[in-house]
């Protein structure tokens, strides 16, 4: 019996199956420092203890996306080690903040299966949840991936695709317990813009860009203990259709979120990701830019200190975001992503209101 | 109204103006680890708790230059986002040590303005100060930068240039409270040379060199949350006169300080930077070497355990430092920096005396 | 008198000499985070506090190899700064676990000297030991290096080579105090294989690979404060026979240990390294793969919860490990290492037994 774990193939998944994932991970201030070094992020809840405490939290929190990537990384071995493509995310909720010292473990449940017409692979839908050391749910998300079959002759399971919300409803948006922004001081970010100032339909080009090199994205992806081979093995990827290592899409999300600081500096936390698409592959050497559209401005039930914005952030490679008027362009009669667009992310942020 | 912040242009500055800078930052042991990984620094006050405690401090301190780069990084958005050149530093004083857990915020005051003859830009002089979470001043420095005008037709302000000391006087040299090197043991560095052993005029070639790659300098500069675009955007810099990303000059200072360990190992802390010039640009792939000249040996008032050395460290790229006899060479009748010299730093270090 | 330290040459060593090494180092959670980012390691004792505590330890430990590289790095200045080659290791014992907050200092004793027939260099054998802040021995190892003579005319010392064990006997294998794996749950790694499941002679190909870039190995080696010039100076190395920087062999060990997780996930700690050879040089851009052979399955005296496996891990560059049937191949009538084999490591790991 071989001791190595080849990951699950399409026919290994069954509807309703629970997959507990290995390697719980304690997050520390060291992870936070690295995350700043990898992304340049400046959101104050994650890098300033006094700021976090003045807003009712026990201390600075682990960046929402850092926690997500680590929680997500644990699922790769069992869910997407043999994936051809990461097809989408839905209903990602940042249920509770993660603090340095907390330990995350993740678990997934198979919520849908559908063999593709080729018979060579199929789509697997999972609901993944991450828990801290007290057993509290801290993160939950749905995603679906296209996974190879081990044996093309294996019979197809009954097709079943889950119903997933196209966005997280305002009633389900998690808010960190204790967070109170009644006395929020915009001096902490240097930006005057609060919830009240953003208008649905408004577009923001974030000006700054960021080039990502091989060591940057591989350090990030190793930090997340994500072991998907295509990010790490130049030798193997040379003979792939990309000809080289592919950047973990989550790192692109992190870079774009960091870039949005210039224009959305007071969007102090991410409450939910409604949907996301990695519309084109990203590689070392690419320079990323981003623009955002305000999709909605949401009042939070019972809160006058804090509101939410539903934001669409579009990540663009090797081209200033101002040059992209629309993420999708018509081609052969179809709307397709512009070839420089690498990310189309619909998410909801928390932002203080003007008093 | 646009939500992105384009930074200040020359005509946005007024004499006496105070600029509070955003994003306070809590420094942690994670930052210290990264700093060691980025520089290879071995100075013991910053990496050994028992050593720091045996010398009267509460624990290991954040490296002086790491604290400086983070404090400095906060000023970039408001002071030098639209700078063409960082012209100089003066009167940099490391007022109080920074410990893991301390939070820094920075503030600048405009102390001089002078439009250049081209009418397209001008020099801005600022005095920047960084404070910890208790409001104690921990770092203060003057610098001047050449900043673009937004509108070349904007009227020139009355020219005013500040008087700045050419070096920090011994009476103003900060010494960490509690530091007592009476029982200093040279075994902690493995080097026998103390204050008494250095002679003004003496030159030290530091032997070791360090190649810096793209991810190294960008990780460092992101860690400092310095968002100057020219360090990060390969796409933008391709069309600049450099043709590529420029290394943050502060990283060159850090690399050279780390190299000086071999020859100045017992120079346990930096008290002041008297002046500094980034004499040539530095790029990824460059290998840095350094030599130092002892400019002065200073007794500290009331101290027999500790003295100071005023040191000039010259950073050299892609050439062993021994091959440089003088940082400046005559060219067309003028003394100019040798084309391989990237740094000329005049600073004052603290070093135990022989008992 | 020059202040720089040129390191020791062959004639500077004398039998029985003790070399205390400089720069004690406090290890922190920041170092652990970086180690994960540099290697992708997932062994749970080092990254999960609850797991470590559930097995009787006070908290997560510093990765065995991270501690080793830092302890080892301190010896470079005095032992191998002028080395041509690192010839071998023996009797490496991980005597006590290292926890975040512990401070290591190292010391070496010269245990053998033998001038080579060329008269230009000689082999130096040292026994190095690293101590924590309480003076407890935490690591000990023997190694031998080939060191240049300063003066080829210097007389040869009497040749003396130490007797070193070819492996660490089971009676001498250190076990972390308090470690009790009676209630070990394989869910922490996701792998079901325990001590009982491995058979001497069994081979495991670890599937995953890892490409290492320049910033990866230089960040690691700087983190260890290892100042051997050949890892860092592209300028100098361009004219060497390698034409470029050489990767620190210890980083190759770390990468291979991280890769073995897939197949040896429950090998939660390294008790000893019996011997090791860096059989071919490794460079940035290389992709590493690994396979392991189980050399022996060892009962630990008085323990039914925990056993040991003696493992040979072979590191392979730029070729899937499955393609290597034997680390050595016949060439010109001699058995030599396959040109893609970069590491041949014989070590002993601790692994829970089935109850």
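Note that the chains are named A, B and C in the order they appear, and that numbering of residues resets to 1 at the start of each chain.
The criterion applied here is as follows: a contact is a pair of C-beta atoms (placed from the backbone, for glycine too) under 8 Å apart; a residue touches a chain by one contact, two chains touch by 3 or more.
Computed from a predicted structure; not experimentally measured.
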| item | value |
| --- | --- |
| Interface numbering overlap (same over half, different under half) for chain A and chain B | different |
| Degree value of the rotation bringing chain B onto chain C, based on Cα positions, nearest 5 | 120 |
| Cα-centroid distance, chain A relative to chain B, in whole angstrom | 36 |
| Sequence positions of chain A contacting 2 or more other chains | 28-31, 33-34, 213-215, 219 |
| Chain B residues within the chain A interface of the complex | 1-6, 20-26, 28-31, 33-34, 77-78, 101, 103, 133, 213-215, 218-223, 225, 227, 229, 232-236, 245 |
| Residues of chain C defined as touching chain A within the complex | 28-34, 36-40, 42, 44, 47-51, 60, 187-191, 193, 197-198, 202, 204-211, 213-216, 219, 262-265, 285, 287, 289, 318-320 |
